[in-house]
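One chain, chain A, appears in both complexes that follow, with chain B as partner in the first and chain C in the second.
Right, the complex of A and B next:
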């Protein structure tokens, strides 16, 4: 799409339309300006100051908050955890969404029912999802361990040489925490990408499949030769937005660990600490707003760089698909 | 629906949203308060006091009872009490102190007082203590909470209570294991040897799967348990001048090794991994635990749980136990008249603290603590024996920021992920970093 520069092709006599257009855009612009743009700019200002919420004065300290964050090893722990989460969630989550979409696309009957079922978690708020999963993951009385336990017992009863079931410490052992959070996130978000993949699948003309079938291609060959390449724009789009979303992961850790009174704020041995959570803890638990804002901008910078890289990829994809 | 109409609808929504915002913003200014001559009054002419605390449990009911008594004896005053769960209490209080809307009286934990006092958030109270009738002063309070109301020689609070942790033990399990005195009563351990002996006898595999399902001891809140062990070994978070961390000092490493050994060497406590330790104690699967006196009502509610309380055993070379205190404060900038009315409430709550004690607290007031009614409260009076050597968290403005740095280290020691040396080296470096960051 091309955007026509104002005034370039429109005759001067019709310039009044621009003002009317602006008038129509004004409500949105005011909201956007007040609740997004202004706080974002104010945030940059705050991040350059030592800004304790109770302090009467906020001295300007330049980039000290940023350099403090970069030398703060907990910042790096949070970054590492966040990257680990992204690596777990993005490929696996997209695979699940794609498989669900493929399954649904091949259904003759009942597709709408399953679509609703798989999409349902997406519309639940993360607070509810996390509270639900906190119980499911409970080591002693959780649903997951209960089911796993009965499966293992049943397998033992039919004579498989398995050891008695040890309850799994889903949210209690540091090395289990991120995979557990990733699992619940996939459950929560798979439906959203599934819908996009379904749309992408719907855009592939049936002719190609018919042609492939006539050529004697197996279903597997049809997938690799037709579906996968033609679905690529959708896949790339889904990946880009999953990465952006995953980097900002907050609610899961917050509800599972921070909002629980008496617990450690970020999971056992900080295993659930993500960048967004660290930002929150610094800003709203330690009341160091300046430091918290600096962390927010570092996260912003990371996401921005990734976005630019990914959009370059998308553009190249578009360009090459036109050849 | 044609597209023009749809767009018009969207804009209409934006306009409505905007109007709502405008009303909300406008509404902020016209609050219900009507100050007259420095006092806030309700429409029927009573002085209005706002009182915030975080007592969401049975302690909240006790506080409500006390406030109701106050209102009855002070018909010219009405109190609006707001109970905010501790999880968000300080967030809300901090915002109110920073941007307006602070209550006239609010509860503050002793360990949090310096963090707020350093930013000049409280009204000094020396005047009220000096002019109160009958007079009230240092001689009327236990010394630890009294000292905790000062920051840099200014007094900012009325101490309400002390809530140390102590030993809760299951008397039935003790009797079953034969840990009894001459009269056959369960006998709580007083020192490390007795503690280990009892804990070993209480740790049992009752269902024959070769794994213990009854434990001698469990860690509930690692922070307070560690502060108790550390204090007994003479360790602390900060050097006496508060300039640097002493977490890596050998005293602390010894304390942590012992805590670690209870799980992995003596095998009398479960690995703190997915165990709801407090629930296990309530269900009678655990012999002993170190918990706060404020948890007492949670045990009293548990039907059929025979338990008792005792001072924490002495694990290290000296006596120490962690405790906290609830203090009552007023915000900086309160008018003198309002402050005077707020003081009446504070004074009343202090005078009337026996009700408070019943809800699971040791009152800070010595006259209440020495009263026969208080001595009749079995667990409270046992825990009160520790009052002389109760230790708070370090009273440092950044005290509350230390624990997010220390607790993960404690956890990794107790989960056997790092050695005490490694864990405390990291925690110590981080605390020092925090102290340097002005």
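Right, the complex of A and C next:
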């Protein structure tokens, strides 16, 4: 990320504005310090204590919450589910976004219409999205199974040797839960990255494509020789923020499973339990906020390490491509 | 024929239209279900019927009639009020700060700004439990302050506006300075009028982000009267577990205002994201 854009105009020659500068920054700094910086630091403090929300005392226990998490089977279930979700959503979601953007970029007319339609789900609250998809995923009378059923029946009627349709247990079978959540998430978020990819495509000069066309490159070759390498900064940006967002998955599982039961459910056989949901259940259902905060910081650590790795990978590729 | 096929791009339009149908179908299904009679939904009579017959407003009346238990107008008011308040606060506070970080010179400026940028990678979930305790301690739990203040603390808007302010030529500012403008005058008369696109983008995204916010309102309020629409929906769902008609009516009520706002401002929104690299949340 570049902090100062090209052509920036911070004049070094001007005299200092002294306290006036701090005065202008102060209202934001107060909000930021109180509701962002302080909680980040306070969180570390909380995570180092055995802290039940109702208990009068909360003794310092060092890193015990962290080591407890690492030996907690349920923590590992949550981590595995979250990683599974990230592995499903990030590559597939980015592929969908990129394909949609490539389609839009090649259109001569009507791009605005498609852009609006593809982007529409992005603006809707996860609460609404999850409530809606719980209805669509209903095993008996959900839209998805109804249509899949009639497609299968139609294929059978024209003579294909298919077995009769069995309704798919989208949210009822543990091994279906994460793929189902991933599918609704891709529907919900694909438009956001699509717009970024579209902007990235718009920044590639037409000359490159013309030169490639003169050399007789096929559209396929043009994509791999021109589009893909020149789109790399956009791709990296989208991947980094997709990973960051996907690791924090919470609302989907909460609305689909926890809120429905009004208790502490996380899907059949905990198949919808994510790290963020586990933090919530520990902190706000078991009232073990010390432990809950430790889980949140482990999530933070994982995300931070992944982000650094992704940036390193990009830098190395950039360096090698310049040679 | 062949040339027409190429020129009309029909082979591109077909898959894109199919995807468009897939993208819009769930939302249409939500509206369709919300207008169906409960029996049509459950018995399977209305199941694959996209246009309800008969169309009924029963579900909406059902939702709006239980004001005591599900104060949906209050939730709507809360969502509107909180979103507007956060947007106003963010625009004011962030514009002042961005001006300080881009146009004024003061000790510690760049170090503090570096710290602001560094916190942008902190996942929101890390803050939830400490914020909850802090809000309890400050005595603002279950108040509008709990919904508004934490939502306005992000460094993102400052970063965004600063980047934009830096592209405004210094000469304009010098001219205003010679005319006797102080820093506040320069911000008001030079910088802000030239930054309308950036302010609009930040404003729209702050509004939509706050309107749809879920974790904060869920944890920082607990009385029915202080909930916002997204959290209200989940309360509703806890009760109307399998009654999809009223549930879809409630979901539609929450989704429609923000959808209309999006359709009105879609040009700015989509352009704004490409300008700023803002992914929407």
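Please note the rule applied: the second predicted complex is superposed on the first by the 293 of 323 C-alpha atoms of A that agree within 3 Å, B and C clash if a C-alpha of one lies under 4 Å from a C-alpha of the other, contacts with A are read in each partner's own complex, and residues count from 1 in each chain.
In this section, a residue touches a chain if its C-beta (ideal position, glycine included) is under 8 Å from a C-beta of that chain, and two chains touch if they have at least 3 such contacts.
If you're wondering where the values come from, they're calculated on a predicted model, not measured in any experiment.
S.K.: By the touch definition at the top of the document, which applies to A:167: first (chain B), second (chain C), both, or neither?
M.R.: Only chain B; A:167 stays clear of chain C.
S.K.: By the touch definition at the top of the document, which applies to A:121: first (chain B), second (chain C), both, or neither?
M.R.: Once the two structures are laid over each other on A, A:121 reaches chain C alone.
S.K.: Check whether A:307 is in contact with chain B, with chain C, with both or with neither, and answer first, second, both or neither.
M.R.: second
S.K.: When the two structures are overlaid on chain A, which partner does A:270 contact: first (chain B), second (chain C), both, or neither?
M.R.: first
S.K.: Using the superposition on chain A described above, determine whether A:158 touches chain B (first), chain C (second), both, or neither.
M.R.: neither
S.K.: Report for A:284: first if it touches chain B alone, second if chain C alone, otherwise both or neither.
M.R.: So A:284 meets both chain B and chain C here.
S.K.: In the superposed arrangement, does chain B or chain C reach more residues of chain A?
M.R.: On the superposition, C touches more of the residues of chain A.
S.K.: Answer with first, second, both or neither: which of chain B and chain C does A:214 touch in the superposed model?
M.R.: Neither partner.
S.K.: Contacts for A:56 in the overlay, against chain B (first) and chain C (second): which applies, first, second, both or neither?
M.R.: So A:56 only meets chain B here.
S.K.: Is A:139 touching the first partner chain B, the second partner chain C, both, or neither of them?
M.R.: Once the two structures are laid over each other on A, A:139 reaches chain B alone.
S.K.: So chain A touches chain B in one structure and chain C in the other; where do those two contact lists coincide?
M.R.: 24, 27-28, 31, 34, 138, 259-262, 284
S.K.: Along chain A, where are the residues that touch chain C in the complex?
M.R.: Going through chain A, the ones touching chain C are 1, 3-5, 7-11, 14-25, 27-29, 31-32, 34-40, 42-43, 46, 100, 103-104, 106-110, 113-128, 131-136, 138, 141, 143, 146-147, 150, 187, 189, 191-193, 195-196, 198-199, 202, 237-238, 241, 244-245, 247-248, 250-251, 254-255, 259-262, 276, 279-280, 283-284, 289, 292-293, 296-297, 299-300, 303-304, 307.
S.K.: Help me check something: in the complex, which residues belonging to chain C touch chain A?
M.R.: The contact residues of chain C facing chain A are 9, 12-13, 15-16, 19-20, 23-27, 29-30, 33, 41-42, 44, 47-48, 89, 92-94, 96-97, 99-102, 104-109, 112-113, 115-117, 119, 121-134, 149-150, 152-155, 158, 163, 166-170, 183, 208, 211-215, 218-219, 229-231, 233-235, 237-238, 241, 244, 247-248, 250-251, 254-255, 258-259, 262-263, 266, 269-270, 273-275, 277, 279-281.
S.K.: For the complex, which residues does chain B have touching chain A?
M.R.: For chain B paired with chain A, touching residues are 7, 11, 14-15, 17-18, 21, 85-87, 91, 94-95, 97-98, 116, 119-121, 209, 221, 272-276, 400-401, 404-405, 407-408, 411-412, 415, 417, 426, 430, 433, 437-438.
S.K.: With touch defined as at the start, can you tell me which chain A residues reach chain B in the complex?
M.R.: By the definition above, chain A touches chain B via 24, 27-28, 30-31, 34, 50, 52-56, 68, 72-74, 138-140, 164, 167, 169-174, 259-262, 264-266, 268-270, 281, 284-287.
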